[in-house]
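Structures follow.
The two complexes that follow have chain A in common; it is paired with chain B in the first and with chain C in the second.
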Partner chain A sequence: MKKELLKVKDLKISYFLDSEVKEAVKGVSFTLYEGETIGIIGESGSGKTSIAMSIMGLLTNAKIEGKIIYDGIKFNTLRQKELNRYRWNEVAIVFQNRLDVLNPVLTIREQIEEVLKKHTMKSKGDIKKRVKELFSMVNLEEKWLSSYAHELSGGMRQKVLIAMALSCNPKLLIIDEPTSSLDVLSKREIINLLKSIQKKNNISMLVISHELPVIQELTTKVEVLYLGHILEEGLTRDLINNPMHVYTRGLINSSCDINVYKELWGISPKINLKSGNGCPFYQRCVQASKECTQKLPRLSYISIERKVACNKGGIVTILETKDLSKAFKSHGSKIYACKNVSINVKAGEVAALIGASGSGKTTTAKIISGFLKSDSGSIYFEGKEIHGCEAMRKIHGIQIIFQDPFSAINGDFTVEKAVKEPLEILNIGSEEERKAMVKKALQDVQMPFDNEGLDIRCNTLSGGERQRISIARSLVMKPKLLIADEITSMLDPSTKANILRLLKGLQNEKGFSMLFITHDLPLARKIADKVYVMNRGSIVEEGNALEIFNKPKCQYTKKLFKECFHMTV
Partner chain B sequence: MKKIIIYIRSASPIGKAAFLLLTAIIILSIFGSQLSRYPHDLSSGKSLEAPSKDHKLGTDDLGIDLWAQICNGARISMIISLGVATLACGIGSFIGIISGYKGGIIDYILMRFTDMVIVLPQLPTMIVLGAFFGPSIKNIIIVLSLFSWTRIARITRAKLLTIMEQDYIKIAKGYGASFKYIYLNHIQSQILPIIVLCFIKTTGKAIVAEASLSFLGLGDPTSKSWGLILNRAMDFNGIYFTPYWKWWVASPLIAIVLLVVSISLIGRELENKYDFKM
Partner chain C sequence: MSKNIFKISVGYVITFLFIITINFFIPRFMPGDPFTYLSSDESGMNVTYSDEEMQKYKEYYGLNKPLGIQFVNYIRNVLKGNLGYSIILNDEVSKIIISRITWTLGIVIISIIISCFFGTLLGAVSAYNRNGLIDKIIYSVFMIISEVPAFIIALIFLFYFAAYLDIFPLSGGFKPFVEYESSFENITDIIHHGVLPAVSLSFINIGNFYILSRNSMIDILQKDYIITANAKGLNKSRIILRHALRNAILPIVTRIFLSLGTAIGGAVLIENVFKYPGLGTLMREAVFFRDYPLIQGIFLIMAVMVIIMNLTADIVYKKLDPRLK
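What follows is the complex of A and B.
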């Protein structure tokens, strides 16, 4: 059993501002064992630095509730003088690298010596020796010792800060944004340095960063922080490969270090600061329901080593198909267009179904949307089994967009009539409500939505515009899952790019899931979170988009990628 | 009405001329009795009078004014042709739409039935049926319709098959749209021009068919259509040895030709307009 080094329990931090009290951290608990490194990630303003400062007892003008227990000692009840015994000697902090962290009128040597003098009481000779030792530990030349802070580069200053923190051999190192505002080479150097120091001295670290690669390299465990709440906790590698909270996934999707191919989309900012009693994230969550506005989720285990604070137990699965099969008879023999196809699409996820023409992609899409009947297998939408087109016939259901924009929209219809069609057939809303919904949908797809625009006949529109209209027709039903069947294969490159960006933007904003069917691999690589590779009616490979595109395992996928990306796999 | 005027304006000169002619004949058929000075069923002069100031087109062997007969015949020809066209288009488009929309076994049965009707030799069967039912305008309309709907059914079915393959129909069906909705919103506007064209073509054909039935003596003897006038004239012994054919044969013949040509010209005009050939 490892020894508990730091235990934070139900930590609440409120700042006293001029007239109001602002709660920055709202009940955070975690435990750090000896020799372990924990990362805290989150957007700015989520309370990361507040936690670090409260552990060090450096917060003024703030109220700290809860327990911070270091090695059995309650830190937050100690007086400053007592706390000083532990600061630097036991717990040290590497501050966020800014010019003003170091004193501009003292040389680097004087500043490091100051720490040593205060906390170790060694003789002058020892101190000098120790400073040199520290400098070599962080790979800095001694000549910099007599320079001032402003004479050093960002990377060097960071090293000085690390050297200062290490000066008294602490057991716990708190590192706040160690690499932000550093260039790639310095970043790598700092990360390697921290890694080797951690290994050599076996110190525990609490790394605070919004840069995922740093967290990935330095930590074994991560806490995901949002507005003072921990939303997810788990082992770093697991959590980054398979996030279980919508927020974590959003953070990971916004990182260009992890998503080398994909387009970047941040979590949609829909901040209305009145959060009430509900889940702090519900306004931005793609799967929020009424329950989430009222009930604060608790951080609880969903699997071993993984905790999630979500009323729905993490990201829910929107669509699940089990062993779908469909055979067509041709010249007396059976041809399987779809054989035991099992697909999983989670809320807010873009799953790409890729494969050569004739591999059964469209058949699968048609079965899921209900246009074709499968020979066997079942489809579950939001956990309930569905038959035929029933999911298409309800608001918040499944919608499909076809390949050919000219065939998908009746050219004789006006724009309004074309978009309104599902509402009219299903008799949803009054006439005015329908019109408002149509206008909203047209606005979403960036088409004119004034009365003149509504009266345009669809046969006067171009392919790209008609594809927008068919997207609008789907959006008017507010789908939870959108099946896009080769929607860009008939469009020119510029229109294609526009439509895709539009669709992805809408997906990000509205949070629907997408099953994107395409034979265009570069395209799939750009937008997919998850990939299914299909060949001859069956799925030959599936998984995280990055993994599949980087390291395809199946021979067929390898061949496909080799042709497409000219890569040697 | 406005639409029709715009339509005519955009037509070619030949189309305009055809339309004028057709309008003239329609006016003739409606106001026939007012336009002729003499009754169409009583003799009003000497027999076989040549065209003169009094009798513009002369008289027949009974001394009945030919102009009056042509005016009256126009009405009968019109009633028959329009009746046939309406009935044939009704039956044909109904069968075509049902067959194309439903597909499968219904389509198979209806189309084989249509094939059966097409295979029957038209004129002999018409003669037999005409003789069997007896001559009356109603019977003539029914007999002629029986053979005119098949083409219309096939054409509408073909068009419907292409419409049904469109994704927007699949999507509408996916949303659970009824036949009524799909027909009114998606099918009707596309199928209507074709039916109108069929209507016009059938009208032209019905006029000729009625004339030929009457010419063969199977028409209604009490309702003197143009074909019957022609039949009477041709029955006159040695008509070509006399000068009488110049007015007696020529006037109904020219009337028939003018009507049929004007109708088919309008039909062609529409064909060009909608950009399809039949």
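What follows is the complex of A and C.
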């Protein structure tokens, strides 16, 4: 049985500002066991540092509710004087590395010696010996002991901070952003240093960082914090490989240390300050519904070792197909264009379906959108089984964009008519509403949307412009899943880049999911979160995009990548 | 380090030369001249000089020569330490100034020690209890003190403690026409006379020290290293004295030296209220009688004091703040 070292229960922190009270942490609970390392990640302002400061009892002008229990002692009810016995001696903190964190007019030696003097040692000789020991532990030359903070580089200062924190052999070490503002080499050194210290001394650590690689290397468990709420909790490796909350996924997608290939997109910063009683992440969530505006989700288990605070139980699956098969008869023999294809696309995700021409990608797309009927298998959209074009026929359903914008749009139509067509066929909205929807969609795809622009005939437009019209035509239906079937293969590189950025931007803003079908592997690598590799009608490999592009397992995939990226697999 | 000090010193030398130049020209552009005053004393008995006599005096003091030559002579004399001969007091200017400056320096230094000690201490107390009742009370009191002109405070003291209560003498720096029996008696008498001027003078500076100390402490108490010190579980006294005050003291030290430089000027009004035999009273007389050499001498000494104290402040600050080494 592991021993509980730190237990934070329903911690609430509010700051008294000039005229208002601002809640920074709203009911956070977690437990740190002896020898364990927990990471706290989250955007700035999520309350990470507030939690660290509250554990040390360093917050002034703030109200702290809930319990902070260290080794059975209720920390937040102790008086400063009683707390001083534990501070640094048992619980130490490595502050975020800012110049002012060390006193500018005292030497480094004095600043380290004073804690030893206060807490553990009385004899001068012992103190001197211990300081030397600490400096060699963090690989710093002793000559720096008599220098001042401003004479040290950022990396050296970080080492001093670590040495200082370790001076009394604390049981719990809180580390706040240990590597921010350091260069790559110093970063590496600090991470290795912390790792070795943890191993050697078996210290429990609470690591606060917005840098995921740090968290990945140092922690076993991680808490994801947003506006003072924990939205997800789990084992670090699992959580980073397979985030279950939209916010966590957004954080991971925003990290270029993890996404080495993908274009960077932050979580859309739609912030409406009035959050009400609902989910704190509601305004920025791609799968939010009305329920989320009213109900505050509780952090609860969705699998072993994984907790998520989401009204929908984490990222929902938008599309799921089970064993789709389709065969065509040719010269008397049956050819499977699609064989037992099972894919799933989650909310806000870009899944790429890649493979050579003729591998069955388009057939799959056609079956999902209802243009073809499968021989067997079933399709589930938002958890419900769908048949035929059902999902295509409704707002918030599935839409598809085709490869060839010239044949996908009637050239005799005006822009307005082309985009409005689905609304008219399905009889959605009044005439004015439709026009407004068309204008909005055109604005979204950056096409002229004044009356003159609406009257342009489609056959006078270029390929790129027509593809934008196709996208606009899909967007008027506000789809939850957009199937893009080789939409850029007929476009020149510059137009292709523009269309893709546009589409990815729209996806980031509006939060729809995409099934991106392409044989263009570099392109897939740039945008996909998840990859399905198809060969001869079957899915031969599937998984996290980064893993597949870095370490393909299937022979076929390896061959494809070898040709395309000249990689030696 | 020494190279830096050299650089700074060159700057101060240039400033000094500039000041001498201004010092020379200002009295010569003032209306009136010393001999019209010599000729009418305060009793109203007019002793008029004839044009011939005036011419003689002007020749004697070198005032009939062209300005350029007067200027060159002046600089030459100043550099020799010869500040000229007072027209009114019939003595060497440098001798007069030396005999008077000790009086002024005495009350100035004592007043700065008083104001610095209490101002800094109360400022620190205020900062530590920021926005609390103690802070509000101290702060308001000091705001009022620094808004009231110093000579009014001096007059109030004079009326109350000297005239009404009769605890302290009304004027002067010592009892006139008295033979002291011992040097102890001599010293007590001087102190007795010095208390009111020194305390009044303290009021000029104490507000500055208080505000400076309070602001500096408030600023320092919010620094990250104070949080670090708290996190280390150190005692309150160590945090305030070693971590906070050691940083907050830096601007205060500078202010002490700057105050020493300017306080002589500030003492003029106070000395005149108490008729204290210092440089301030001397200056008033010199200006009143258009005693050019004396005016120039006093101005020069005051300017030199400011320059020297500035330079000292620069050097001391650099010694105290390791970031500037």
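Keep in mind that, in the parts below, the second predicted complex is superposed on the first by the 568 of 569 C-alpha atoms of A that agree within 3 Å, B and C clash if a C-alpha of one lies under 4 Å from a C-alpha of the other, contacts with A are read in each partner's own complex, and residues count from 1 in each chain.
By our rule, a residue touches a chain if its C-beta (ideal position, glycine included) is under 8 Å from a C-beta of that chain, and two chains touch if they have at least 3 such contacts.
It should be emphasised that the depicted structure is a prediction, and the values quoted were computed from it without experimental measurement.
Clash-free side-by-side placement of chain B and chain C is the outcome of superposition onto chain A.
Contacts of A:Y148 after superposition on the shared chain: chain C is touched, whereas chain B is not. In the superposition on chain A, A:H119 makes contact with chain C only, while chain B stays out of contact range.
Of the two partner chains placed around the shared chain by superposition, chain B is the only one that A:A408 touches, whereas chain C remains out of contact.
Judged by the touch definition given at the top, the superposed model places A:I425 against chain B, while chain C stays out of reach.
Residue contacts after overlaying the shared chain place A:N89 against chain C, while chain B stays out of touching range. In the overlay built on the shared chain, the residue A:M56 is in contact with chain C alone; chain B does not reach it. In the superposed model, A:G370 makes contact with chain B only, not with chain C. Contacts of A:V105 after superposition: chain C is touched, whereas chain B is not reached. Measuring only between alpha carbons, the smallest separation of chain B from chain C in this overlay is 63 Å. Across the complex, chain B is touched by residues 369-371, 389, 392-393, 400, 402, 404, 407-410, 412-413, 417, 421-422, 424-426, 473 of chain A.
Across the interface of their complex, chain A is touched by residues 166-168, 170-177, 181, 185-186, 189-190 of chain B. Contacts from chain C toward chain A in the complex involve residues 223-225, 227-235, 238, 242-243, 246-247, 250, 320-323.
Of all the residues in chain A, the ones that touch chain C in their complex are 53, 56, 58, 83-89, 92-93, 95, 98, 100-106, 114-115, 118-119, 148, 150.
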